[in-house]
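Across the two complexes that follow, chain A remains constant while its partner is chain B and subsequently chain C.
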Partner chain A sequence: MDYGYINARMRGMKSRLLSHRELDDLIQKPDLESLIADLENSPYRDEVIEARGHLLGILCIEYALRENFTRTFRKIQNFAKQEEAEQYIIIFLHRWDVQNIKTILRGKNIHVTSDEILSCLVPAGEMDEATLKELLKQPDLRAVIDLLATWRIRYAQPLTGAYPEYLKTKDLAVLECALDRYYYTDALDSVRAPGYNNGLIRDFLRLEIDVVNLKTVLRMVRDRVDAEDAKRYLIGGGRQFDERKLGELLTLPSIEDVVKALSSTPYRFLADIPEPALRTQKISIIEKELERFLIKKGVGAFLLDPLSVASVIGYFWAKYNEITNIRIISRCKTADVSPDLLKEELVYV
Partner chain B sequence: MVGWEVPIGAAIAFAGGAIGTGWAQSRIGAAGAGAIAERPETAGTIIILEAIPETLVILGFVVAAMILLMVE
Partner chain C sequence: MEQVKPTRMELMKKKAQIRLAEQGRDLLREKMDALIQEFFKILSSVSDSRDELEQVSKSADLALLIAQATDDPVTLKSAGFATRRSITVGITGKNIMGVPVPVIEKKRVSKTMLERGYGIISTSARIDETAERYEAELDILIKLAETETAMRRLGAEIQMNRRRVNALEQILIPELQSQAKYIKNAIEEREREDLFRLKKVKSILEKKKKKVKAKKMAEKVQGKN
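After this line comes the complex of A and B, so read on.
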């Protein structure tokens, strides 16, 4: 198992990620066209040139970012083949399968056109673009799930199981939660064996589960959902919060109380959010902070043992963050958001 | 009269250096290949880094030669 090679490549790839200054330069661009022109002189060059041939504006950037993301992860998967690091790559890539299925289900649920849904998909996982396009051709949710089951794609199992409940409640969260739970349970099962690398991956997955659960708790408290009902949407296996602790949080009357209750946990940074923002019951600010926390923890993996899967974990998060940042910049450029406000939205690592 | 232990000692000194060099170069080589794959401009530095462990085997050779030449 030669992590020296993987580590060197990961660090080489990390050195090509956009720096703080380069991101600031992108923020200062007056419009989308100059942003695209700037991206043509960045590591996104090939994808931007390819996209420019048939797309314009924001669609061009979205396409280029998606292609770059997919190609980057395929490349890593190719050189880490049969190494222990591949395990994490597969787990990370499966996340995009789950994300894509969720996007398709959401789109079908509100009858969005296939082209629009397709533009939101990231075919970085095991399901390639052709598979996703075939899923998009299906007329409704039931047909999408049936096709997944016909192809024996693993995610058909949780969806089929949760579908009767969805029919009763008509709440898409039921299907999404079933998918998330299956994903995390499956991922944790695949790294159950002892060992430093498995432990590291397990730790990160458990941290993510905590963040997902916290987001769910916040939404449930905001919407005043009954604690017993809300428990059905939680995922087991978190690092910091077990079912009992999450149950206690769910019984709290407001978001402010939840944030206060987190003061003795690693999530005490949420208390720094100004109180007026909490009082408006808008959880997007808290979700953003949680996302920032997760990204910083993920990228922080670069500081762990270099001869382990840590550098792969670090790079994945760093790349994910870069793509997210560029997407935010491009979206804000179309909406004419001021550079100062834009800077606040980005996560610098 | 030189006994059998002198050439054996020299062989151990040389072999130790050679094995150390081999191990170090394999690790540096793997990491260097990764670095060159991503940043070809680092090739010059990597070649120098790859050559540094050679000093170990040279040291082993010198010690072996000294054993053979100086022990009587």
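After this line comes the complex of A and C, so read on.
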């Protein structure tokens, strides 16, 4: 199977994504029921019908969106047998594994019931439902990590490494941080081999690392966390910012200064954010812009070499954008948010 | 009217009781005024806190809605596991004009991002802002719990005092006054009766004297004849 075929399939799938007009139509729906009915006439039909059998309202939509997202990527994984394209999907699916392990660790840490933890797990990654349920049966955090190590699941390594520090500090963020760092390091390692496709994936991963690091820096600066402490939460391997540059940003006194310091980087668009938002330290607005930048870059991959992994990357971000938009629309419908306000929140359209 | 002995002793007792009741009523009125003053002081702070709570609650709900919409509720709930902690508050008490009111030791519920327990890398500022706003809401709620309980207790005390003042003013004092009046009337009546009786006796005695005198005069006249 060649990239010509993958590209054709990806572009075909992209054409079935909801257009701006269709999203506007969803916004104009008077209530959630009519929105669900509308989604039943969209590519989400199967998932919505399946969800309707056991869930109602917003839960039905959210379940359908999650299912559709993971099924779509499983489908791509099945036909994109080219090594790099499949690798990108695997990297993406690993996010669910990391998220699931974190949820289990958090739940076990405060002794939440297994049923409650299970309701927050999404078995979309490499770890299936049976594996997750077995992990849930473990009595405590140590046992969960030990079981991961026994099964030789890759995430046991960072957790075992960070466990002594966790024992000292009793701060779960230590384990989570180790997991997140490992995820990106592992993802970069998996596309280390030379080649255009690997380079492209690496580039996007490094861009994502930059955005994640910038978000962390902004939050740290806002909370006036000591620069040395804050460095522990940064991920190495970014495209634009190495540890030294990030360290410099961390020493700045305010968010406005960080935004000013970014004026000579591709993130200069942050300077366009209204002054009051910066002064009130409302990072969510800056974060929104950063995420929009990442999505735009991702969707823009469609413009790169069609006979490469670029179309898979482009489709991933376009689909992510669509799912997020539908979720925002449906959530806002539950709270009777006015269409104008809803459109403001719908930043990714 | 209940049985009262119409004696001077009883009248003095009733008058003393009236004085005591009036003194009590005045004291209760003064207490009520002071309580009302305190009540209004607390009321303004409660109404400010309520307005603040309403605003913070609205913005917290909106932040939650946006976080749920953008970050996926599953991620949000999972982050919630990391931050879930019980809140312990120390409660002592103080007296306002004899009314015991609680004082809640103000431990800030609001935490810094690093204190919340979830990993920084995979969570968003939207989750931070949601947590922040709900923590602020909890801070206001705890403050409000203290002031509202104090206000409710002061209100109950004012109501009770008003009932006491009303009972004194409209039942006890009028009844004591009517009893005193009754005793006074009875004593006066008795005095009048006594006076009348004395006058009557006097007139009888005088009549008797006159009769004796007339008899003696008649005997004297007969003796002369």
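Just so it is clear, the second predicted complex is superposed on the first by the 299 of 349 C-alpha atoms of A that agree within 3 Å, B and C clash if a C-alpha of one lies under 4 Å from a C-alpha of the other, contacts with A are read in each partner's own complex, and residues count from 1 in each chain.
Please note the rule applied: a residue touches a chain if its C-beta (ideal position, glycine included) is under 8 Å from a C-beta of that chain, and two chains touch if they have at least 3 such contacts.
Small disclaimer: the values here were computed from a predicted structure and weren't measured.
Novice: Return first, second, both or neither, reflecting whether A:8 touches chain B, chain C, both chains, or no partner chain.
Specialist: first
Novice: Which of the two partners, first being chain B and second being chain C, lies in contact with A:345: first, second, both, or neither?
Specialist: In the superposition, A:345 touches chain C alone.
Novice: In the overlay, answer first, second, both or neither for which of chain B and chain C A:206 touches.
Specialist: neither
Novice: Tell me which of chain B and chain C touches more residues of chain A.
Specialist: C
Novice: Quick one: classify A:109 as touching chain B (first), chain C (second), both or neither.
Specialist: A:109: touches chain C, not chain B.
Novice: Using the touch definition from the top, say if A:16 reaches chain B (first), chain C (second), both or neither.
Specialist: A:16: touches chain B, not chain C.
Novice: So which bits of chain A does chain B touch that chain C touches too?
Specialist: The answer is that chain A has no such residue.
Novice: For chain C, which residues are in contact with chain A within the complex?
Specialist: 61, 65-66, 68-70, 72-75, 77-79, 81-82, 84-85, 112-114, 117-122, 124-126, 128-129
Novice: Please output the residues of chain A touching chain C within their complex, sorted ascending.
Specialist: 62, 66, 98-99, 102-103, 106-107, 109-110, 112, 117, 119-122, 171-173, 175-177, 179-181, 212, 215-216, 218-220, 223, 225, 229, 233, 235, 282-284, 286-287, 324, 327-328, 330-332, 334-335, 337, 345
Novice: Taking the touch rule as given, give the residues of chain B at its contact with chain A in the complex, in rising order.
Specialist: 27-28, 30-35, 37-39
Novice: Considering only the defined contacts, which chain A positions touch chain B in the complex?
Specialist: Listed in rising order, the residues of chain A that touch chain B are 2, 4-9, 11-13, 15-16, 79.
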